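Each structure below is given as structure tokens.
Next come two complexes built around chain A: one with chain B, the other with chain C.
Moving on, here comes the complex of A and B:
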């Protein structure tokens, strides 16, 4: 077993003349919550998109559990154990809460089209398993009373929770959350923090982009800081809070 | 006379609905518009003609062979042409043009392969009118309605109750999210095209005994099928079904009560009226429920 669940190795992501990520490397230890922070435009979401294969990096490689993801197809990354949420909520808006979570589970299922059409007993069992799992995840994030509500009808904070439930339904090794607290009120944020701790307690590693420093620092064990596409610091939350380079990146140079 | 016309309208409308369903499924899944649906209808008719009349296979087997062939044909058009064009940065307009090119190539190729003639196809389900009250219906007419409604029911079941169908709807609603949950989005596109071609082919198989089989027969249904999809709400599969039936009934009624030379005028006036009154169609368009 590898000590690191994820290794980001010398990633360069170039868009035309702009280097959105410039030779970024970092590791996520198995079982930890790792925060990725940095000012706006520092390349955090680009990093997420490279890890989850939405973008193909110009150079460099990503390893999940020691295996290179280079040859993996876009949709297969989830099957290998990476699930994510999006900065701008991406739900199946006309489907119900339950259906959305069920979709998250599909990549772990085995019954094919013929089974689906002829409703074989194996298919029925699997369908029931998927539904049960969806109910469990709904309960976990606290959406069990809106199972049949369409995703687009949910309040914003609940949409973010639904994205997390959908991601968890695939039994990921690594859960990636892109600004999950954006648009949440303080009590929702508190609930989110406790959810993330529970996810960690289940043995799932977490990579989180978060602008709310109080939240990010309170739940994470290590932090990577990006600025203008460059990794400027890495360490424990305490080390990062006292790092001059980080303070400079956020507040500007001391006079 | 009203009920006699209604029967004819439903019969025609069912076939329009099958064609319209293909237009809407493709639009909903990928935002693209195809103009090859009429030729898929034509190819379906020629394939059943080939299997049943030329190869002399039993009808059920001929139908199965046609459906399987058309499914692969649709997936091959998507995988071999549409998706490579999209990867090269083609716009929606390029794709429209590509499908117009495909449709012309297909109808001319059909003429080269099967000849320019019009071929008779027997009524498998009977052409002798049966008396029901004051209405005459043929077995073929009943079969058209039953088979079409069955297809629509199957599509509904497939899209809402099977894993694959739900995955297709998910990919249509949000590609990025679908990919992130492990749905093979390119595969859902190919499947959608396969489904659209199969539906058009079923229309061709069912109408072949009534209109004969010939290379230009796609024109019978292509623009009406498109119109039905738009009237129903472009991209909405239930809208396509309702739009098809509505258009078929309006067409037959206006032919019966006014004159058959005016029926298309009435159809398209209704189309324009719907666009004015409810631009998104009867059901709201681009909602893949």
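Moving on, here comes the complex of A and C:
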């Protein structure tokens, strides 16, 4: 068993003349919550898109559990154990809450067209399992009383929770959260923090992009800081909070 | 309010209504006065239901538009007709080979096209529809050219002779019912959800393991299978086919049926097909102005009820449901307030 669940190895991501990520490397230890922070435009979401294979990096490699993801297809990343949420909420808006989470189970299930149209016993069993799992995840994030509500009708904070529930339904080894607290009020943020701790307690490693420093620092065990596509610091939350380079990136140079 | 309450009361009986509707459709040819004419039109209704159900899987659920369904309908019709004319393969098998041929051609067409979105896909499907028609028009003796194919044999299953329009109607009716049930099953499955997921959000679909181009192709193949099946049934019902049947007009009529009835529902395509089939029969006397009327119907539908009749109804019922819920919640709050 590999000690690191995810290894990001010298990733360069170039868009034309712009290097969005310049030789970035970091590790996520198995079972930890790892925060990825940095000012706007520092390349955090680009990093997410490289890890989840939405973008093909110009050079460098990503390893999940010691296995290179280089040859993996975009849609197969979830099957290998990476589930993510999106900075801009990307739910299936016209589906209900329950159906959204059921979709999260796609990679772990396998019934095809014949099972579907003939409603075979195996298909019924699998559907029942998927439904049960969706109910469990709904309960976990606290959306069980809106199971039949369409995703687009949910308040913003609940939509973010639904994205997390959908991601968890796929039994990920690594859960990637892209600004999950954006648009949440303080009590929702507190709920989110405790959810992330419970996810960690289940043995799932978490990579989180977060602008709310209080939340990011309170839930994470290690932090990577990006600025202009360069990794400028890595360490525990305490080390990061006292790091001059980080303070400079956020607040500007001392005069 | 009454509509919501009515829909709630009727919900437990929806299967009963479906069976009743099928029974009525089965009885009409036996009791109606103008029975031959009516039976033929009901048979066409069933064929159109099969095709429109396929189009709904493609457009209503997976969000891809096809304006070339007539082309796939023609492939099913011609393949089945030619096989039954030139070989000794039983007609029942020919019908399904026709449907499979249409599906395979659909797949070969859809995989490269699945990378296109929105109107680009619909453009290529228009192209396909025209190409298919021209191939059959210029196919020489094999396809019968402009004259088409005559004397297509009717359906015989073993000792059972279903070649008369009356008996073949029952075969198509059963087929249409099976198609609607299977469509419903499909939509409420893992695969069906993946179709809807792609319509809703392709990035999120891919992030959760759905192979978007392949899944879009599968949806396309199912829809072209059903178009081919409808076409094959048509060939053995009318027993004569010619290229002029399979024009762009027919493709657009399939789409209007779906849009008018309401995409994304079982009842939608059934309703749309009935209204259009019998409506168009009623407008027969307008002759060449019929296309103009098609166009006006399409425009009115798109502007007034973009979700179709069933879509509009279910939206309305949903709205009432929410109002009632909000009313109850408001009432409860008031009560709580009184107690405090």
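Here are a few things to note about the model shown:
Simple rule for what comes next: the second predicted complex is superposed on the first by the 255 of 255 C-alpha atoms of A that agree within 3 Å, B and C clash if a C-alpha of one lies under 4 Å from a C-alpha of the other, contacts with A are read in each partner's own complex, and residues count from 1 in each chain.
Going forward, contacts are C-beta pairs under 8 Å (C-beta built on N, C-alpha and C of every residue); 3 or more make two chains touch, one makes a residue touch a chain.
Model, not experiment: these values are computed from the prediction.
Contacts of A:10 after superposition on the shared chain: neither chain B nor chain C is touched.
By the touch criterion defined above, A:197 lies against neither chain B nor chain C after alignment on the C-alpha atoms of chain A.
In the superposed model, A:90 lies in contact with both chain B and chain C.
Residue contacts after overlaying the shared chain place A:74 against chain B and chain C alike.
Of the two partner chains, chain B and chain C are each touched by A:103. Of the residues of chain A, those at positions 52, 54, 73-79, 83-84, 86, 90-95, 99, 102-104, 106-107, 109, 111, 113, 116-117, 127, 166, 170 touch chain B in one of the two structures and chain C in the other.
On the chain C side of its complex with chain A, the touching residues are 182, 185-186, 188-194, 196-197, 200-201, 203-212, 218, 222.
Note for the complex: chain A touches chain B at residues 52, 54, 73-79, 83-84, 86, 90-95, 99, 102-104, 106-109, 111, 113, 116-117, 127, 166-167, 170.
By the touch criterion stated above, chain A contacts chain C in their complex at residues 52, 54, 73-79, 83-84, 86, 90-95, 99, 102-107, 109, 111-113, 115-119, 123, 126-127, 130, 166, 170.
Interface residues of chain B, counted against chain A in their complex, comprise 158, 161-164, 166-167, 169-170, 173-174, 176-185, 287-289.
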